[in-house]
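Input: structures, listed below.
Two complexes, one shared chain (subunit A), two partners (subunit B, subunit C).
Now for the complex of A and B:
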C-alpha cells in the first residue's frame, strides 16, 4: 500500500522540486533474544523509487532538522524534510537565525499525537505539554492522526492507572524546593558523570557553530578533560547559548548515553525567558530572535 | 585448576578482600550499568551481560595526568604523577571486554611500554565471568570470541547451578590469589562434569555462528578505500563520540594542557591525556589541512582501523563484538549492518569462497 506520504514525496522528487528528502525509514536490527527488531532511523532519499521506504509513526522520535545545517545537506539546492510540530520549532529558529532559507525548504508537516519515550517511558516527556499536535508551519500536511490515536490511548490509560503527575512539573517542583546548596550538589553529581562524547551537542539542531568553543585550544576556554570543572563549564555554557532558542525537542537527553537530565536546565531557562520577556522560541519565522532584539521596556532587574 | 565457589562464599570472599584490595565491579546508577569501585558487596549489580561502560577506563582513563608544572621565579618546576596504585581486583569482566584488554595491551605494551597503562595492568587481578545468555546486541561469535573464553583472565567464574560457580584458575597471579584465599573454595567433583548453565538463546546464538567473515571484510577493505557505501552509511552520522567512547578497544587520545586552581587561588598547569574520537570533526584537523573533511571519511576510518589497519599491524581485528556501539548510537547506525553489507560486496567482487 502506498501511503499519502510516499505519494507526495515521490511527486516532489519526480518533478524535481527537491533533490533530497530527509525522512524516517524503518530498518531491521538483528538481536539475539527474539525476532529482528524494527527500528526507525533517519533516511536520506534522492531517488523517487526510494520513497517507498518512508514511514511515519509514533516511533519517529528523531529531530531531522539537525541535518539541515550540515555541509552535505546544504549542497542540495532544495530539500524536503519530514517534521513534527516540535521539530518545526527548531526549523523556525534556524530560519530566524539565517542559517537556512524558508524558500529552500519544503516542510512536510506531520500531525502527531506524541512519540514514544525511551528509557522506560511510554510517551516522551515533551509530548505531555505539546501545543503543536498539528504543526504551525508546513507546506504539505500528512495527517495520520487516527492510526496514532488508537495506539496512544492505550498508553495513556497505563499512565493514568499509575496516577502520574506531569513529570516536567514534578521535576521543576522538586528542583525549586531544594535549597541552593542541595541544588548545586545535584548539578555537580549529574555533570560529574558526563563523559564529553558531545552527543548532546551533535544531535542538537541549534548547536550549529562551525567550531564549538569547547574545541578551541588556542587559547583554551573550556577544559577538554571529562572532569567536573570542564563538564560544568561546558553544560552551563551550552544552556546559556540555548537560552531563548531551545525549543525543547529533547534530543540531547535522548542521545545522552549516561542518561543525564540535560533538558532540565534548558527548560528552566525557557521558563525564565517566557516569564520575563513573554517570548517563546520557534513559533514565528519573521520574529526577531530574543537576543537579536531590544526594547526599552525590557526587563533588566537581574543586572546587578 | 578448577574449583567451586558458592554465591554465599563469593560474597564472603569479596567482603574479605575489600579490606586489602580496591574492588571494582559492575553497578547500576541512573539506569546505566558500569564498573565502579565498590565499598560493600551489596553495591554489585549482577546482570546477565557486559555493562554499558566497559572497564577500559580503569586502565586507560578518560583523563590521565601526565605531569604537573608550575612557574617559580622564572624556573619551571615539573612534577610527575605518583605511580603508586593500590592492588585492584576487577570482578565480573566478560570475555569480550577481556579480549578488548588484550588488544589494548598490544597498543600500550608492545614496542615501547606506556608507563601509566602498564602500572595499572600489573596491579590488577581480573576475575572474569562467562556469559550464560547472549546480550541483545552482542556478536562476539562473529569476530572469533567465545562467550566462555578464559584466555588472559586470572580467575574465571562460570555459572553451573543457581548459586554455584565453577572457578577456573588461569594465571599465576590467579593461583597466588587462590592459595591465599583457598578456604572460600570447594573442590570440584572430578566425576561430575559440571556443565555450565546455558540458556536456550545461548545455544541458538552459538549454533548460528558468524554473521560475517572478518577475513573477507579485510580483503574487501584493502581494495575499497573509495566506495559509495561510505557516504551512504555515514550520511546520518552526527559525529558524536558515543560509538568510540563506549568501544572497549578504541584508544585514541588527545593531549590537553589545563589548569588546576587550588583553594588558596594558586594554580598549577597539568598536562592531561584525554580520550579523543575519530568521529569528531577536529580529530585530524591541522593548521593548514584537514585530511578527513567529511563525516563519511571519519566513519570509514573507524571501520578501516578496526578491520584493516589493526589486522595489518597486529594480525587481529580490533572489534570484540560487545555490541555497545550499535545499541547506543543516537541515530541507529548498526555496525552489523555495515559489516554484513561489506561481506555481501566482497562475495560479489570475488565470488563465493
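Now for the complex of A and C:
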C-alpha cells in the first residue's frame, strides 16, 4: 500500500522539484545479535523509488532540521523535509537567522498527536505542553491523525494507569523551588557528571556554528577536561547561546548519555525571555532576533 | 610536627585571614573608563582591589568573558558602560542591557551568588559615582568570600 506521504514525496522527486528528501525510514536491524527489531532512523532520499521506505508514526522522534545546516544538505538546490510542529519551530529560527532560505525548502508538515518517550514513559515529555499538533508553517500537510489516534488512546490509558509525572517538568519544578544554595549544589552535582561528549551540541538544530567556542584553543575560552568549573561554564554558555532561540524540542536531553537536566536551563530561559521581553522563539520567520533588537524601556533595575 | 591535614587546615585559615577580593571590571572606553580616570585625577580614594580591563563598548561584552574570569579565580565582576542614550556607537549599551539582564537571570537560576556580578552605568563626568560603585561592589564581594569556596561540594548529594 502506498501512503499519501510516499505518493507526495515520489511526485516531488519525479518532477525534480526537490533533489533531496529528509525523512524517517523504518528498517529491520539486529541489535547486539538479538532478534530483529523494527527501528526508525533518519534517511536521506534522492531517488523516487526509495520513497517507499518513508514512514510517519509516533516513533519518529528525531528533529531532522539539525541536518539542514550541514554542508552536504546545503549542496542540494531544493530540499524537502519531514517535520512535526516542534521541528518546524527550529526551522523557523534557522530562517530567521538567515541560515537557510524559505524558498529553498519544502516543508512536509506532519500533524502529530505526540511521539514516544523513553522506556519508562510512553509519551515524550515535550508533547504534554505541545501547542502545535498541526504545524504553523508548511507546504504539504500529511494528516495521519487517524493512524495516530489509536496509538494515542493506548498511550493515554497507560499514562493514566501509571499516573506518570512528567520527569522533565518535575525536574524543572524541583529546581525552580529550591533556595539558591541548594540550586547551586544541584548544578554542581549534575554538571560534574558531564563527560563533555558534546552530544547535546551536535544534536541541537540551532548549534550550527562551524567552529564552536568550546573547540577554540587560542585562546581557550572554556576548559576542555570534563571537570568543574569548566563543565559549569560550558553548560551555562550553552544555555545562554540558546536563550531566545531554543524551541524546546528536547533533543539535547534525549541525546545526553549522562541524563543531565539540560532542558531545565533552556526552559527557564524561555520563561524569563517571555516574561521580560514578551518574546517567543520559533513562531515567526520575519521577527527580529531577541539579542538583535532592543526596546528603550527594557528592564534595567539591576544596573547601578 | 603537625599532620598534613592540619597543615592544610592552617593554610586555609591563613588564606582566609589574608584574603583580599579580586574584582575584574570591564569598562567601556568612552564613558566608564574616562569616569574612572576622572576619579583618579580628582584624587578620589576607593578600594584598590579592582583590576580594570578596557573594552570598546559595553556591547562588546560577551558573558563568556565573565565566566572565564570567574573560572580563573576572580571573586567578582563589574561591567560598566555609558548611560542609555549616551553610547558612542548610539545603541551598543541597549543590546548589552538585554544580554546582561538575561545572563544575570541564568546565573540566578543556577544558584550563583549574585553579590559577585554587578553592572553599572558610569559617565565620563561621574568620577564620584565610580568610586562609590567600586566601594559598594567590593564590599559585597567581601561578604560573598573567596570564589574557591563556591566549588566545594557538599557531602550529602541532592
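Quick note on the criterion: the second predicted complex is superposed on the first by the 282 of 304 C-alpha atoms of A that agree within 3 Å, B and C clash if a C-alpha of one lies under 4 Å from a C-alpha of the other, contacts with A are read in each partner's own complex, and residues count from 1 in each chain.
Just so we're on the same page, contacts are C-beta pairs under 8 Å (C-beta built on N, C-alpha and C of every residue); 3 or more make two chains touch, one makes a residue touch a chain.
Here the structure is a predicted model, which is why all the values come from computation and not from measurement.
K.L.:
Considering only the touch criterion stated at the top, classify A:130 as touching first (subunit B), second (subunit C), both, or neither.
P.N.:
neither
K.L.:
According to the stated criteria, A:44 is in contact with first (subunit B), second (subunit C), both, or neither; which is it?
P.N.:
Touch partner of A:44: subunit B, not subunit C.
K.L.:
Per the contact definition in the header, classify A:257: touching subunit B only (first), subunit C only (second), both, or neither.
P.N.:
first
K.L.:
For A:283, is the partner it touches subunit B (first), subunit C (second), both, or none of the two (neither)?
P.N.:
In the superposed model, A:283 contacts neither subunit B nor subunit C.
K.L.:
Looking at the overlay, does A:273 come into contact with subunit B only (first), subunit C only (second), both, or neither?
P.N.:
After superposition on chain A, A:273 lies in contact with subunit C alone.
K.L.:
Once chain A of both complexes is superposed, is A:141 in touch with subunit B (first), subunit C (second), both, or neither?
P.N.:
Once the two structures are laid over each other on A, A:141 reaches no partner at all.
K.L.:
When the two structures are overlaid on chain A, which partner does A:193 contact: first (subunit B), second (subunit C), both, or neither?
P.N.:
first
K.L.:
For A:225, decide between first (touching subunit B), second (touching subunit C), both and neither.
P.N.:
In the superposition, A:225 touches subunit B alone.
K.L.:
Please identify the positions on subunit A that touch both subunit B and subunit C, taking each partner from its own complex.
P.N.:
223, 230
K.L.:
Spell out the residues on subunit C that touch subunit A in their complex, using ranges where they run on.
P.N.:
63-64, 67-68, 70-71, 84, 91, 94-95, 97-113, 118-121, 133, 136, 150-151, 153-154, 157-158
K.L.:
Which residues of subunit A touch subunit B in the complex?
P.N.:
Residues 27, 29-33, 39-44, 62, 66-67, 71-72, 119-120, 193, 195-199, 201-203, 211, 215, 217, 220, 223-227, 230, 251, 254-255, 257-260.
K.L.:
Subunit C touches which residues of subunit A in the complex?
P.N.:
175-176, 178, 180-189, 192, 213, 221-223, 228-230, 232-233, 236-237, 239-240, 243-244, 265, 268-269, 272-273, 276-277, 290-292, 294, 296, 298-300, 302-304
K.L.:
If you look only at subunit B, which of its residues touch subunit A in the complex?
P.N.:
So the residues of subunit B touching subunit A come out as 30-32, 52, 62-63, 133-139, 201, 204-205, 211, 231, 235-236, 238-242, 245-246, 254, 256-259, 272, 274-275, 277, 280, 282, 294-295, 326, 328, 330-334, 336-337.
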